[in-house]
Every structure is written in structure tokens, then in C-alpha cells.
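Notes for the one structure printed next.
As written, the chains take the letters A, B, C, D and E, and residue 1 is the first residue of each chain.
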Amino acid sequence: MVAGLLLGGFYAAVSLGVSLIFGLLDIANIAQPAFVILGSYAAYVMNRSFGLDAILTGLLFTPVFYVLGAVVYRLYYESFERRGEESLRGLVFFFGVLFIIEVSLSLKYGVDYRLVEAAYIGKSIDLGGVGIAFRLLVPCLVGLAMTLALHLFLSRTFYGRAVMAVSQDRLALRLMGADPVRIKTIAFGVGIAAASLAGALLITIAPVVPSTDRDYIGRMFAITVLGGMGSIAGTLVAAVILGVAESLMSTFFGPSWSLAVSFGILLVALAVRPAGLLGR
Amino acid sequence: MHDVDAGYGAVRVLHHVSIEVREGETVALLGTNGNGKSTLIKCIMGIVRPEAGEIFLETDGTRVDLTKRPTEEIVGLGIAMVPEGRRLFPKLTVQENLLLGAYRPQARGDIARNLAFCFEAFPVLRARRKQLAGSMSGGEQQMLAVARALMSSPRILLVDEPSVGLAPILVNRVIGKIKELKERHHLTVLMAEQNFNQATKIADRGYIIVHGKIEFEGHSTQELREHELVKKYYLGV
Amino acid sequence: MAPALLEVDGLTKRFGGFTALNGVSLDVTPGERFGLIGPNGSGKTTLINCVSGALPADGGRIRFEGRDITAVPAHRRTRLGIVRSFQIPKPFTSMTVAQNLAIPLEYAAGARSDGADVAAEAMEILSTIGLESKAHTRPAGLTQIEMRKLELARAMAAKPKLLISDEAMAGLSSAEIDDILAILFRLNERGITIIMIEHIMRAVMRFSERIVVLDAGERIAEGTPDAIVRNPVVEKAYLGE
Amino acid sequence: MKPQRIRRWALTGGVIGALVLAGLGAPTARAAEPIRIGFGMALTGGLSANGKPALLAVQIWKDDVNKRGGLLGRPVELVYYDDQTNPATVPGIYTKLLDVDKVDLVISGYGTNLIAPLMPIAMERKLTIMGMFGLANNEKYQYPNYFQIQPAGPDPQTSTAIGFFELAAKQTPRPQTVAIVGADAEYPQNALVGARELIKKFGFKTVYDRTYPPSTVDYTPIVRAIKATNADIVFVASYPPDSVGMLRAAHEVGLQPKIFGGGMVGLQFTSVMTSMGPMLNGVVNYDFWAPEPTMLAFPGIKEFLKEYQARAEKAGVDPLGYYLPPYSYALVQVLGQAVEATKSLDQQKLADYLRATEFNTVVGKVKFGKNGEWAKGRTLMVQYQKVHGTGIDQFRGPGKKVVLYPEELKSGAIVYPYSAAKN
Amino acid sequence: MARSTRTLLVGLAVVGAGILLAALRVNPYVYFAGYVILQYVVIATAWNILGGYAGYVNFGTPAFFALGAYTAVFLIQSTRAPLPVLILAGGLVSGLLGLGIGYLTLRLRGVFFSIATLALSIVLQTMIINWEYVGGSRGLSVIRPSGPPFGSYVTFLFAVMVLLSVVAVTVARFIERSWVGRGLAALRDNEEAAECMGVPTLRLKLFATTVSGVLLGVAGAPFPYYVTFVEPTSAFNLDYAVNALAMPMIGGTTSWVGPVIGAVLLGTAQQLATVTISSEMNLFIVGVVLVAFVVLAPEGIVGLVRRVRGR
């Protein structure tokens, strides 16, 4: 149960980018997990070369990822959104991006499992009889911090509110004096920047290879959809639900079914209540 | 001092339309739907690009050409629009909608004051500020739309069809509010409206637009009310 | 009065908390030219969405030729003879104009035979409506009026008994409006019942034999164009109090 | 163009494409016709971390042989393709090797899944086939000309776990209960089957027996469930990411069985060892090679490792190469010796010789028995001891991975129970 | 009539040519590579019936393909049924799955549909992993029947695949040219307008998902005999999803020729790349080509050709 909660915090961190980009901007960026893995490798490289802490690296790299995200969005915008044919071909576009990132990584760094070192890996604290691993606790806390930060960004800043509004009514947003394309660029950049940190968290928790992204495509979108498409609080709740479900399945019914259960939940949710659990 | 002169000729919807609104005036743009009122307002906002003609904003003796500017910049110049159909952000709360209205950098400093004013003018919005905009009734939504436009501290307010989809009693209240706000804020108002009687209640003067042409210019409310064109074009007599 | 072709009885439709239609009833007789007007947002489009089957009704019954069709899916209603055009044209963008017509010809009018007949019939409809020169262009290359005509032509191809024309003239010039009106008159002469929803009063008043006025989701008046124009309730709805 | 014509064009295009493709690899005649050895290898995908070092080992052997003048006086040439760790590519690759590249000999790619699809091809064409780390591939086929280099022995399924459970049975106080857990994948499942058999044989009591999907992120719930059973023995059959996950979780949850480990793939990798550091201490795990004096006694191994380590960095593979590369080298060594001895490339003659002979290799003496497996199993059980920090150099020398099993290669004593060795 | 006879003749001619090629016993590698390429012709064509004609992007291709393969594995294990039975059964089971997916389209459109199919693929894979009888996660060796025509079993499979791809392409072409295809195109362009023009959209979508499912299952059914070793990771490989989508995208999605061209080009390129440059590069190229095509030539090669000719 506790493990599930911790895992949930981490899942939330991983899914925030999708929540923002897919949930709020309606851009089906299925390459997001690949950006996360890119973040993992950035953390790995810095950790190996300079002994820099993974999560610190993740934080330091957010501006780089922000710019990367902004560039990708501009390309996407010029190629698809402006022509008004975003959905299907955009999806394929990001599928291609996913592959390019994945393969570039394996060309550069090979396919060995990569991990990082940090003082807190392998240690745990005892809380009321339940040992809590720092390796999971730290990402969970960072994940919560990210969730909070994003929540504050969205609800307290002008840019954030504009991001929430942009997919609801572009024209009305322009009437507020905001440029939707610029807002989307910012939001996309932030989403990808979140991937930098999420990637760092990922490599802290488990070893990573370039193809690890495939394990997360489903989880990320499941969480986003369950969470109600773009609701930050919903994302957190859905992430925790998924984390707890996986943990409980592992503990009580045999771990081999845990993934199927997560996706079973997603399928049912999609079929019965497409607006998600906390859909507005 | 502010002097909008919009003369333009778009091939399809508007044909050589010229209107002007002087500072402090309330001007009504009358006509039934489909005659080009909304298009005209959209042209001013830069949402629809005129194919010919000019739209100017004159401020303190400087003329600013609006035709080549994107909507965002036009908003930045102090022109706010209450769009037809309200176009709120239905999945945001009332307060979030209002705060978005203050996106314009010049308005950000005045948020507290403007918000207080909006809540005072529309007490219902204060009561419902945590509610999602989409879940409110039509009248409340229209109030919110007007309030949201005011949050940008505009000098000129363009109102497009404020009465659409509202029960008669609500139309009355919305129109009344616009008048009240205009006076308190020293706004210049250009209102497109099909509800003739309601619009002429608050307008200083007005234009009747039919099939994309200005068919009649009434220099006073009186002149408008007495003109028979009104009935002819409204009911096709 | 002849037995009604379309009977709408106490139709109600809500969107969330908003009541778009509140117990609206109306009858349309065969061969009639029927006008449906009302200020913006009065529920006209919602009404025809319910009649054509695009939206399920929350209450009330719809009968067509005496048969209850309240629960019949939209495509079956089209085959029964209720055909609508869209206010904002919704052409099949990947097909040519002629191919756009082939869809209703095949699916609604039952012309399943080999290509030649369908093509000939499509061309015939296009020539009555004056679009034959554009038969092989795609909708993206059409002007506003041509798009409207395509919308009507496609509806005609479905061989309607009842044609619902939803603001087919918005944004057109006077000459173009006359053009469309002429087409609708011709269709009516061939025995097609027409419901016209329109803001252009000149057109509705000229076209309709009988008019029903909606305001705020309720039916407020019914009568001949003359009577409607003189009706103080209608005037109030339009001009305000 | 008429659609019909397009289709015909497209299909003929495809056929021509295939033919062109076939032609591309066609051998060009040369003066001193080399002996060509063909194989597919996992250079990408899940098993590539093992496939790449294996390739390097084979390349080193080729260079060694060619330096000495080749085989039968002919130079040796390798022809290999990436099988992407995907069995579906194997039939195509080997057909190309045999029919287009016209290789003289084939060896398998790395791993059970990549050997399996090769078996029918080998049988259809009556090839002599050398398998590189397959588990029980030949049990279903019983093909006589198949030989396998993994020292699993005549009973492959229990080979991973036998040392582990034998050691456990010898300890005092004797452990009683067992928890076994593994990933939903080919090797771990096979290892678990073997473990279950051995548990029965040694009379232990199973208190936990579960599997998990390889994409599991957090292993603490699993480890916690195991801890709740209070098992004396914890046997884990896992692939690299889950090995790391399980080991970390075991430390975090405070799992304290008497003996822990068994079939964890990945702990042998240098990159994993240097990351896990002291966390490894006390783990008893299977292995194939360790830099212990008993293992370094075999002829040629030191030279091979020196060469390997020199070339490893450039090839971007495991820098130490202690786990599998010696066996990959031994595999081609055996094949080379057979060719030299029979002075022939005849598949049947080679097979007969391979069946009958005991070979001397860098991994010791190799003799093939039933189903082409080693006549006698020799999977090591090692225990990580006295690992300090995460430096790579400590792993170069003896004492860190102490060989406990089999008896004849033993280089040290087990620290028991697990908790005693942990720190 | 004359035209459909001609189509039939062309189809038969292609099958005949395939069998002749098989009987010639040229270099066996041709059959192996040919099998893979033809398999992709079937997969791409099947995907395109739903994705291209109806506009519903299916990411669950691996689920359908693997279901066909595992249906075959099950039948081989239990009854050693002959290949035609395997193919029919594989198609049937996958078709049923397709029908189920079809009902999803009632509620899910666009991206949500795609995500649902992806999820479905994972659920199905987990089920197979936990089903020991068909090999579970360990995989299962399949022994081919002895004494196939043309001397070698793969040659025989190649001939079978020629037949299957002709069937698939014929079905796709028939759908495209018939009222069904026009109805699908209409609902792809605008589902609401299509419904209002009398197109029974739900029934057509169910038809498309079912046919697409059947053909994907059919493509998967001979797979166990081709590889002789089936395990979930490779049978459910995400590459099938990418290729199924990339091939029609590159070739052009609106006509039956597109997927065929795409499959032949990309399939051949991949086969070439596998045996020449590294397969990482191979995937890299697929990614780049895919992105380049959707950005620069959204209508694929067919669209490019049309544009050049139209000028």
C-alpha cells in the first residue's frame, strides 16, 4: 500500500508532461516517454562524467528540454496544426519522433542497462514498522513537488491560466490578448521540461535502456485519461490509483497480472466514462 | 479623442461599410442575424481580415492601423470584445475566467481593483467564483463574459449580440448592466444587437446593417426608432 | 387539413442545466413550405437536430408519415425521407462534388447499381442546381455559394420527402439568395415538403406558407407570414420589449 | 497508369527487390578462398548486452586464428547480422547466410530464443550447429548434430539452480522454507521450473512462488510479500533490470533470508557490479566465470582476457568480460579444433568428431554429451564478498566473487547466513 | 462484369506467378525475405482498411497479429490442424476481436480509440504470458509438418503468403471501389454528415474493424510455422504497430495501392538494412522517413504521383 503510494507519486511525475501536452493542449504526443528516457540518459551522463546527482541534473536540464520542446512544437505547428490536420498525422509524426529518439540513444550509448549512483539509493527509513526506501521516497517527493509546482503554474500565473484555456477556445483566448501559438509553445516546452526531471527520477528508481520508453507509453496515457485529461489533481489521483493497484496486485494476487489490471482499468474507463475520474 | 473609423469593403459579407464611433459614445449596430454585424466587429478585432478598406484607431492624435495587427495586439491597445455566444472557458472557474481577462499586461496591475469592481457590479459572480463557467445559466454566463472583457481595463468595448439565448427579462438586465458599466468606466461602446428595442434603450445612435451594407444611419435614438426600415428589414414586410 | 407528414409532439431537449427545447409541438403537412424562425439561440437548430436524429430527444414524440420515429437512428430517418442540410456546410472533403452526391444516392436513395447510373443522376442533380461545371472539383475549391449549393444538392440526392434547409442563405448576396430560393421553390413544385430555417426574413416570408416562431426553446406563434409579421408577440421577441 | 498495371508493377517490383537483395550479398571470388563462418547476433534489443561481447570474443578468436595462418591454411572470415533479439528474424538471416553468402559453417546467435528458430533449419539441411547459451533447446528435437557451449550439463533445466540448492542443503542450521520468484520471460521461467524440481528433491518447503512482468517498476511490494513469508531461502530468477530492482528492494525492505540469490542475470555485468557495489555482498548467485585462481588456470584464458579488455572499450561492451566472453571464445575454439582435426568442412564429419572428442579450451575441458549439452554440468555458484565502494578495479582480482560450487573449482568458503556477509 | 473478371484473372496470374516462383526453387533466401515482405503487404493492407479508409488509427496491430499466431499455436498444440484451418481460425478469432473493437468506436474517436487499442494489446499480451499451454512467457517451439510441397516448408509458406496477400489486396480493392468504401470515406470525412446522408456509420465501422481484424489474424496464423518458435515479446512486438502504420502512410492511405507500395518499399528496405547496415540504423531510417513523409508528403507516394501527374 505504502509502496503503491510512493510509486503513485513517481507515476504522477512521469505523467505530468502528458497531462499537460495531451490533456490540456490536445496534442497526442506519444513521444513523451522517449523524452523521459532522454532525461534519464542526460542524468546518467552527468552522473558518470561529473558525479552530479541525477535529480539535480534533471533540474539543471529543464531549460534545455524546454527549448527542445519549444522547437518540436514549432515544427509540429508549422507542419500540422496550421494546416488543420493535426490528429492523425500528428500522431504518426510523434510516433516517428519516438523512434528517432530511441534509436539515437541506442546508437550513441548502446543498449546496456544504465543506472546512476546516489547516496540515498539502497537506504531506507522505518516509519511505523514499514520500511520506506529513499530510492522511492525521493522521487515520490520530487514528483509531488513537481505536481504542486505545475499546479501553481497553471492556477496562479497568467501563462498557466492561458494554457488551461487554450484548447477550450482559442479565439476567446486571443480576445484576452494572448497568442495561442505562443501559449502552446510555452506549455509544450514545460511539458518536455517536466520529462527531464521525470527521466532523472526514473533512472534513480530503476535501470534504463533506450527502449524502456515503451513500458511507459501505456501507463502515461492511462493515467492522463483516468485523471480526466489535463486535471493536475486528477493526474495525481489516477497515478496513485495505478500505483496502488499495481502494488496490491503484486503483493496479493501475483505480480504477473498487475499490468493487465492497470490497462483493464483504462479500457473500462475509456468505455464507460471517457471524461476520466476527475473530469471537469 | 478616440475615434474609430472603419470603412471597408469585403466581397462576401460586408460591402463598403463605413462607420465611426467617437469617444464616449454608445453606438448600436442593428440588424437581424446574418447581415454582417458580427463580421464587422470581427474585422475590428482582427479576427476576420478585411479584403479592402481601412480600420483606424485614433488615440491622442496618433492613428493606428488595425488591419494588419493580430488580435492579441489589438486587445493590447485597449479594445475588448464580448464575443457572440459568450465564448467562456467552460472548464475553468468563474474566477479563472475573470483572471484570464486580465492577461493584457497593462491590466495586470489593476487586477484587484477590476476584480472588486466586477464582483460589485455582478454580485452573482462573486457568489459563484469557484464554480465552473460552463455550469452557469445563460444570463450568468453573459454577465461573466462582459465582466471578463472589463478585466482588461479597456477603453473601447465591443459587444456582439449580448442578448442571444437569453430570456427577455435577462436581456433587459444585461443591457442595463452594459449601460451602467459604460458610464462608470467611461467606456466607448460599440454593440451589435438584433434586439432593436433593447439596444436603442442605451445607444446614443446607431446603424442598421442589412445584407452587409449600412442601410441607415440614425444620428439619434429617436431617428432610429421612427424609421420604418427597421420593421421592413426585421420582419421582411 | 391533410394528415400530417411530420408531427412533433411535446419535444424537450436539455443540455446539462440548459433547456434548449421545452415541449415544442408542430405539424408539417405534405407538400407544405414551412418556415421556422426565431431569434438567435431560440432552439431552431436543436429542433431539427432532434428531428433528423443527430440528437436524441429527452422527451416527446416525433412521427413521420404516421410512424413513430423517435428512436430510429439518423441514417434510417434519412432513408425514410427526412433529409437535412447543414448550416455550416459539412462536405466530404476527400471526394469530388459528384462523389459527394454519390453517397446519398447510394445509401439513402437506394441506387446500388453500378457506377454509371449514379454518376448520371448526380450530374442531373448538379445541373438542376447549376453546379455541373464543378462536378469534378473537390469541395475545398468551391466558393461560399457553391458550397451552399453542394449542401443542397447532396440533400436532394437523398431523395427527400421532407427537406430541412438550415440557414442555407446566411452570408449570401441578394442575387444569390434569390438563386437558392428559386431552387427551393422548384423542389417544392416536385412535391417535396420543405422546412426552412432562416434568418433572412425577406426569404422566409416570401417562401413560407406557414411559419412557426420559436423563442427561448418555446413555441410562441404560428401563422401565415402576414399574420406573423403583425403578431405583437413575435415583434416583441425580435425587437425586444 | 491503370491500377491493374500499378499492382502488377508493385508485385514484380517486390520480387525484383527481393532478388536484388539476394544478389547483394553474393560472394565475390577471391584467390585464397576464406572459410566463412556465419551467424546472427543480438546486437540490438533485449539480449544485446550479451550479444555484443559475444561477438567481440568471436572476432578475437578469428584474429588469433588468422594470425596463426587460419584454418586448413585458409583465412577465416565472419559473416554476421543483427537478429535484434527477435526470433522472427532468425530464419531469414540463416537462409541468407547459407544460400546467399554461402558460408561454410554456422554458429548460433546468443540465447535460447534465438537458437530455437535455428533448429528446424539446421535439421532440414543437416548442419552441424554450435549453440551459444541455449537452455534445453534440443530436448524437443533430439537433433544429434547440435552442440551447446553453456556448461549446463545433461539436465539443463536444473543447472542454474543446482549449486544454489546443494549449497543451501549443506548449511547448518539447515534452511527449511523457500521462496522463489522470477520474471515472466523465457530464461527465468525455465530456471524456476528447475528450482521447483530441486526443492522437491532436497525436501525444502515452498512458501512463495510467483512471477512478475518484466516491465515492473517497483519491486518492494514483491519483496515485502516474500519477507512476510519469512523464507529461509530466497531464489530469484531475473533479468538485469529486475535483478537490480530486486536487490535494491531487498536492502530497502530489509529482507534477511539465510541465503539469497540464485539465478539473477545481470549481477555479472561490470556496469551493474560497479553500480551496486557493496549491495552485492552476501548474494549467492550463479555465474560462469570469475577471476579466481581456479578459473585462471585454464590455458589461454589470460591472453584472451587481456586482448578482450584492450578492445572492449572501443567496441563499447562490458569492460571486464568475465561472464560469457570466454565461453563464446571457447565455442569457436572447439569448432576450429574440430575443423583442424578432421581436415574437413563436412558437416557430418565435424559432428562425429565433436561428439567423440574432449576439447581443451579457455574455459577448461569440454566434452559434449546427451542432446549436445556438456557431458557434465559446471554452472558456478559464486558469492560476492568484501565489495567496497563502486570502483571497477577491485573486481579484476580474486576474492570478490568467490567460487563456492562446484567443488573442484571452489576458491573460498561461503559466508552464512546472508546477513553475516551483507556488510 | 468484364472488369471484375479481369481483376480475378490478374489475381490468379499473380498467385500463379507466385507458385511458379515457389516451384522454381530459386535461392531459398528469396522466399524467406519474400515471405516477410508479403506478410507486411497483408498487414499494411488490413490496417489500412480501418486506418486509411475509415480514419480510425489502430495501434493494436500486434494484438490482432499475435492473436492469429497464438490461435494457430493453440490448434497446433491441441489438434495439429492443417495450415488452411489455422489460417481460417486465426482470421476468425482476430475478426471477433475486431468486432469488439468496433463497438469501442461508438464512444471513442481519434486519439482515444488509438490509446484503447494500445491498451488492448498489452492486456492480451499479459494473458498470453500467463497461459502456459501456448508456451507462456517462455515461448514454444513449433515443429513444422513434414513433406511440404515445393520441397521446403518456407517455400510453401511463401506461396501461401502470395495467395493471402492477393486475397487481402483484392478484398481491400473491392471495399474501396464498392459502396462500402465510399461510405467509409464519407464517415472518415465527416461522421455526422455521413449519418445524415443515410450512411449506417456504426455498421460500416463494425464491418471495417472486423475485416481488418480477420486479415491481420490471417497474416499472423502462418507465423508460428515460419519462425518455428513463438514467444510473446516478439509476437506482440511494437514494430508491427509502427510498420502497419508507417507503410500505408508512406505509400498513401486512400487507395489500396498505397499500403502495397509502402509495404514493398519499407519491407524491402528493412530486409536490406538488416543484412547490410546495423538494425539500429534501420529503425532510425524508418523513424526519419515516417516523419519526413507525414510532414512533407502527407498523402504518401500515391499522392505524390498523383500530384506530379496532375500538373
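By definition in this document, contacts are C-beta pairs under 8 Å (C-beta built on N, C-alpha and C of every residue); 3 or more make two chains touch, one makes a residue touch a chain.
Predicted, not measured: the structure shown is a model, and the values here were computed from it.
A.B. asks: For chain D and chain E, which third chains touch each of them?
C.D. replies: Chains touching both chain D and chain E: A.
A.B. asks: Check every other chain and keep only those touching both chain A and chain E; list them.
C.D. replies: D
A.B. asks: Report the chain whose mean Cα position is at the greatest distance from that of chain E.
C.D. replies: Checked the centroid distances; the maximum from chain E is B.
A.B. asks: Mean of the CA atoms for each chain, then the mean for all of them together: which chain is nearest?
C.D. replies: Smallest centre-to-centre distance to the global C-alpha mean: chain A.
A.B. asks: How many angstrom lie between the centres of chain A and chain C, each centre taken as the mean Cα position?
C.D. replies: 48
A.B. asks: Whole-Å distance, chain B centre to chain C centre, using C-alpha means?
C.D. replies: Chain centroid spacing, chain B to chain C, equals 32 Å.
A.B. asks: I'd like to verify one number: the distance from the centre of chain A to the centre of chain D, where each centre is the average of its C-alpha atoms, in whole angstrom.
C.D. replies: Centre separation, chain A to chain D: 36 Å.
A.B. asks: For chain B versus chain E, what separation do you get between their C-alpha means, in angstrom?
C.D. replies: Computed value for the inter-centroid distance: 56 Å.
A.B. asks: At which residue positions does chain B touch at least two other chains?
C.D. replies: Residues of chain B touching two or more partner chains: there are none.
A.B. asks: Can you list the chain E residues in contact with two or more other chains?
C.D. replies: Each of 126, 129-130, 280 in chain E touches at least two other chains.
A.B. asks: Which chains are in touch, pair by pair?
C.D. replies: After working through each pair, the chains in contact turn out to be A-B, A-D, A-E, B-C, C-E, D-E.
A.B. asks: If you look only at chain A, which of its residues touch chain B in the complex?
C.D. replies: Touch residues, chain A against chain B: 155, 158, 161-162, 164-165, 168-169, 171-179, 280.
A.B. asks: Contact residues on chain E for chain A in the complex?
C.D. replies: Residues 55, 57, 104, 107-108, 110-112, 114-116, 118-120, 122-123, 126-127, 129-130, 238, 242, 245-246, 249, 280-281, 283-284, 286-288, 290-291, 294-295, 298.
A.B. asks: So in the complex, which bits of chain A are touching chain E?
C.D. replies: Against chain E, chain A makes touches at 22, 28, 75, 79-80, 85, 87-89, 91-93, 95-100, 102-104, 106-107, 214, 217-218, 221-222, 225, 256-257, 259-260, 263-264, 266-267, 270-271, 274.
A.B. asks: Which chain E residues qualify as touching chain D in the complex?
C.D. replies: So the residues of chain E touching chain D come out as 6-7, 10, 14, 17, 21, 26-34, 36-38, 41, 126, 129-130, 136-139, 141, 143-144, 152-154, 169, 173, 223, 226-231, 233-234, 237, 255, 257, 260-261, 264, 267-268, 271-272, 274-276, 278-280.
A.B. asks: For a test of understanding, state which residues of chain B touch chain C in their complex under the given definition.
C.D. replies: Chain B reaches chain C through residues 12-13, 32-34, 134-135, 137-138, 161, 163-168, 171-172, 194-199, 211-212, 230, 233-237.
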